[in-house]
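Some structures are shown below for you to check.
Next, two complexes with chain A in common: one pairs it with chain B, the other with chain C.
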Partner chain A sequence: MKFFISKNQFFLGLFVVQTGSVFISFQTPLIEAASQDAWIVFIVCCVIQFIQLYLYERYYSYFKINKFLQWMYSAYWLLLVVTFLAYIQKSLSVWAFPLTPPSVIIGAVVLLSFYANISRPESVMNLGVLLLPLFPLIFIFLSLATPDLVWTNVFPMGNITLKEWGIGLKEAKFAFIGTELYLFYRTFVLKSEKIDVKSLMKFILTISTFYFITLVFILMFFSLEELKIIPEPLVYILKSQEVTFIERLDLFFIFIWMAWSIITVVYLIFTISMFMKKAITKTMTIKKVILHALLFVLPLIIIAQELFNITRDLLIYGHFLFSMIIPLFVIVINMWRGKNAEKA
Partner chain B sequence: MKKWGDIMESFTKLSVYIKELFHDSSDLIVRQIDWPGDEAILCQFSSLMDHAVINEQLKLIQERFKENLTNWGDTPSSSVEAFHPANLVEYVCRGESVIILVESNLLLRINLPRAAYRAPMEPSSEQIVQGPHDGFVESLDVNISLIRKRLTIPNLVVRKVIVSSFSKSPICYLYIESKVDEVTLSEVENRLRKIDTEYLISAGHLADFLEDTVWSPFPQLMTTERPDKVVSNLMEGKVVILVDQSPTVLIGPVTFFSFYQSPDDFNGRVLVGSFYRLLRIFSFLTAIFLPAFYIAIVSFHFEVLPLELSKTVKSSVNEIPYPPFFEALILEITIELIREASVRLPNPIGQTIGIVGGLVIGDAIVSAGLVSNIMVIVVAITAISSFVIPSIEMNTTIRLLRYPFMLAASMFGFFGIAIGTIILFIHLINLRSLNQPYFYPVVPFKPLVFKEIFFRLPFTKPHVQASSFVPEKTANESGEEKT
Partner chain C sequence: MRKKHSILFCVLLLSGCWDERQYKDFSVVSMVGHEGQVGEITSYFSVPTIKEGATTSSIVKGMGKSTRDARMDADLKSNQTIDVSKLSVLLYSDESAKSDLYEYLDVYYRNARNQLSTYVAITEGSPEPYIEIGNELQDEAGSYYKKFIKSLSFVSIYPETDLQMVCSILFDDGIDLTLPYLFINKENNPELKGLALFNGREYTGTNLTVQQSKLLSVLKDRVGRRANFTVIYKDTPVTMVVRKIDKKWDYSEMDESGIIKLSYKLKADVQEFSKDHIEQGENKKELEQFLSQQLNEETNKLFEVLQEAKSDPLGLGRRVRAFHPEVWEKGDWNDTFSDITIKPDIKVDIKRTGILK
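After this line comes the complex of A and B, so read on.
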């Protein structure tokens, strides 16, 4: 597939994929694991993430995978998309449509994704632009909760054990799920646009600040005991706000989040389609139809069998495997082979 | 085919032959006229010429002939060439008067056709408050002259092509040599070359052949009847296409946002122009989303409304015997009927229809309990918002688009609106106008250009004026597709 993207489109795509579905949900498990120190753990995680991106940028040219690994990555992303879809459905049924059958919601999202994926590649790559006017809206909504924040909630600091640090880091890393797409889309960035440390720093600061604000808001708004019973605390904060002109701010927010998640899903399906184009010989449209049929059925199975927590856990470990271990392994092997070839 | 030598033997034979060529049409004149030293036959359509003017011109040419001038037939409105029946048919059909000199086998063309044109009045669909009030008419030459008088430069190039195989309708495309993007120009030429049709009657007809996606509801070429608008677009490096016998001109490539600019923005003051442009762009949102938003709230998300407002809306809606979607549909279709009726009727009656439809039916329909008064307010605001858009085509597009959104909202509430919005966005990203991105500067994303789109900036800074198309920003310059 031949297309080129600018540096801004590349980073916007990464931002959307990583924040997509998780930005309303990663905070609770992280705070459960690291208590008041969750924000410190998150900062450390951001530093690790920056180092990871730096290494990606330095060695991405060595990241060339065979068909088996392509299938592995496709399966991982499929699981990611299916879990996201199940989560979108679950959240919408809690906050907006308690009586609507899951198949209707998932069917609509899958149809939309199909339409996007039969469009030109550049259309998919530009979808993230739709979200840009929504960022300020989120912060305006959130800022309404500022008077209710209790800043002492973030204290005392430094009380967590080494084990809690480990679990906390694992949960914080979930916020950066999908980061391995850097290695795949980096080759599509225009040669004329250079990505240096400054660009990486800007990107990591943007995404970290975005997450950090939401995390600190939640830490300051709720006590630790309250958080144990609230799965999407960010939405709950908005639900509790009283505005004269709108009674339920959270409903608007949930649909903003939904649009965000759908675009994430579209990006991921587009990535899977790119691999399928290389791996399967049938026509592309048939492949996309089959893929979307799967995307319709699998989330319904997850919802019906209540497998959501299992797939989420799988994704966390999958994230470590596919964004750290496999890239490290592939890059080292290819570098070694490259050196051997030079010697020969 | 008859033998040419036989036909040219006598006036009678030639006259019969010419009449056969034109199926003995009643307005065809085939007449022998005096010519020094030769036998001459005048051939013309009486409906397309002015006898006095032709006589005057003929007298002048005959005097030049008698004076033995080398190029006796060549004047600004006449020329001489070898006779050929195919040429004869073409020229006569165009309204020229043709004189066949039988013995010398020559054809003298007098190109002084007469056709009825109206005065270049301001187009009723694109009226402005300040600025020039002339508009295009149904003549290619008059239209070109309206452009040329504004752009007195040699760089303004006019190219003429005949695209229809049967009706031979001439089309002209104009551009400024130093400004136009070569890629776009060759794209236009290429598309014009590929047109395969028997006849071409209007700019809308031609637009079908030139647009990138015919099935899209969005116009991908701008149409206008205003010469000042054409000139400003030519200055931006765009290509303008004129169709003979049509006052509507096509402009391309364009972007979505260029349909929201009006000449009034630039004729008025900076702040005023900016305010009204912002208002127009905001009207896009209300025109599409307002009825859908209301339907979603009433059908699914009543809890969004504050308690006091919720009571008012609920008491108003409770009286209505059917779902809000049908309620909105009844009103929207009524408004469309009123609009359509007022367009077809003469102006004074059209206004009456507007009053009867808007006030009398509106009031009666609420009193009868067929629709709620809040729905009347919503639909009225929506209608006004759609009429704010300066382009009549974008206006109709927006009016059409609100129906699927209303349907989506009635089925899925806000979820349906969100899904519809993403689909609309994907569609806009997909669209191209003469192979240029239609949704620029959103895609490709150029944040710095946004201020030029949303605000009318001062002319003292010419480079910050909104330009819907900038040649140097072409996507395919290096053979790579930058998205």
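After this line comes the complex of A and C, so read on.
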């Protein structure tokens, strides 16, 4: 598939994919694991994430995978999209459409994704731009809750055990799911645009600040006991705000999040499609129809069989495997092979 | 291509059809009162009815094992399904509030449609007569009591606390809840008795007086538009209004001696003092000292009540939890709170005296 993207498009795409569906929900499991220290654990996780991206940037040219691994990655992303879709449906049924059949909600999202994915690749890559005006809106809405924040909630510090640190880091890392896309899309970035440490730092600071603000807001708004019963605290904060221009701020926010999640799904399916061979041909369209049919059926199975928690757990471990372990092996092996070839 | 777009757009709109809710199918109640205990709850719903263009309200009673169950029972007595998504005020009888309040409230948090800006109050006895009087006074009891409670925050008796804040406080071990306590006076009107004190999730049975409630708002630094205090100084009434509060809580002696020092500097205006000439000689200084002494005495009495009731509505426990884990882990904070020494030090600084000297 021949297309090029700018550095900004590349980082915006990564931002959207990583934040996508998880930014309203990663906080609760993280705070449950690390209590008041969740924010410290998250900062450490951001440092790890920066190192990971730095290593990606340095060695991405060695990341060349075979057919088998391509299928493995496709299967992983398929699981990711299917879980996202199930989660989108689950959240929408609680917050916005309790009586609408799941098949209608998932069908609408999948249909949108299909439409986007049969369009030009450049169109798909530009979808993230639609979200740009929404970022400040989220923070403006959140700021309404500032008078209700309790700063002592983030103390005492440093009280968690090593085991809680481990679980906390695992949950914090979930916020960066999809980070392996860096390795795949990096080769599509225009050669004229250089990505240096400063660019990486800017990106990681942006995404970390975005997450960090939501995390600290939640920590300071709810007591720890209360958080145990609230799976989507960010939406709950907005629900508790009374404004004159809209009756339910949470509903407004949930639609912003839905748009965000749909774009994430589109990006991920687009990536899977890239592995299903180049160019948009007629046969490719049929393959995409099959892929989207799968995306319609599988989330419904997850919902019907109540497999959501299992797939979510699988994804956390999958994230470590596909974003850390496999890239490490592939890069080291390819470097070693390269050195041997040079010697020969 | 245009056809494709239209179909796609129509499909997206379809998702709203299932969740359509029309007002004609529901009876949107603005106020609910609960009494009894879990297992045997009686709920009173203030249901609006429109007759010849005018809105009147009647009470529909429901009984059940839980709050939700009682509503289902009330549904059987109404020609429309009762909807609590626009609830303005929730009333609980004092006896009901003496058991876990969250058990009655859970149903209001669980549904995304319910609004969280609802106010909660406690009534002396059954809430039924309060709703009846409210309906008589202002067509809809809900809007009457909403204004009633909102006005309490205006005069600094009760800082605005909605349903969401109630939940946060109920789940927080470092602070206790207070709710407006209403009674029906001799003129058969609802009146505020003061603030009901909670210990954890249960009403203690102790109330603060209106004056103490106001003082508590000052100590919390959550005063409304007016925070007036009137005292008798040299046989003359003096009314001051608190304009600005500088507070400093000192926990440095907490670990060793269990002492918390609360220092406040109140910048106040004099609104009433018929002897005048405040600025003359030592008058102002003497008046400031007197006002400070009066407030300190009242604050000491306030803490006696709070400690006896083992209720910490000021949230002193939050800082203990954050910075003094050894004290916090001694046991239940409410028990620890009743044993510690609290030393208030309030200094009044008169800034303005109106357009008279």
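The definition used in the following text is that the second predicted complex is superposed on the first by the 339 of 344 C-alpha atoms of A that agree within 3 Å, B and C clash if a C-alpha of one lies under 4 Å from a C-alpha of the other, contacts with A are read in each partner's own complex, and residues count from 1 in each chain.
Definition applied: a residue touches a chain if its C-beta (ideal position, glycine included) is under 8 Å from a C-beta of that chain, and two chains touch if they have at least 3 such contacts.
Here the structure is a predicted model, which is why all the values come from computation and not from measurement.
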(request) Go through the superposed model and pick first if A:Glu122 touches only chain B, second if only chain C, both, or neither. (result) first
(request) Count the residues of chain A touched by chain B and by chain C, then name the partner with the higher count. (result) B
(message) By the touch definition at the top of the document, which applies to A:Leu130: first (chain B), second (chain C), both, or neither?
(response) first
(message) Contact-wise, after the overlay, does A:Leu112 reach chain B, chain C, both or neither (first, second, both, neither)?
(response) both
(message) Looking at A:Glu226 after the superposition, I want to know if it touches chain B, chain C, both of them or none. Which is it: first, second, both, neither?
(response) second
(message) Taking the superposition on A as described, I'd like to know which of chain B and chain C A:Lys239 touches: first, second, both or neither.
(response) second
(request) Quick one: classify A:Phe155 as touching chain B (first), chain C (second), both or neither. (result) second
(request) For A:Phe97, select first, second, both or neither according to whether it touches chain B, chain C, the two together, or no partner. (result) both
(request) Would you please give the residues of chain A that touch chain B in one complex and also touch chain C in the other complex? (result) 96-97, 100, 104-105, 108, 112, 115, 247-248
(request) Using the touch definition up top, name the residues of chain A that touch chain B in the complex. (result) 2-6, 8-9, 12, 92, 96-97, 100, 104-105, 108-109, 112, 115-116, 119-123, 125-127, 129-130, 132, 190, 244-248, 251-252, 255, 258-259, 262-263
(request) Flag every residue of chain A that touches chain C in the complex, lowest number first. (result) 94-101, 104-105, 107-108, 111-112, 115, 148, 150, 152-153, 155-156, 159, 221-223, 225-226, 239-240, 242, 247-248, 250
(request) Name, in rising order, each residue of chain C that touches chain A in their complex. (result) 4, 8, 11-12, 14-19, 112, 115-117, 162, 164-165, 167-168, 171-174, 318-319, 321-323, 325
(message) Which stretch or stretches of chain B touch chain A in the complex?
(response) 301, 303-307, 310, 412-419, 421-423, 425-426, 429-430, 442-445, 480-483
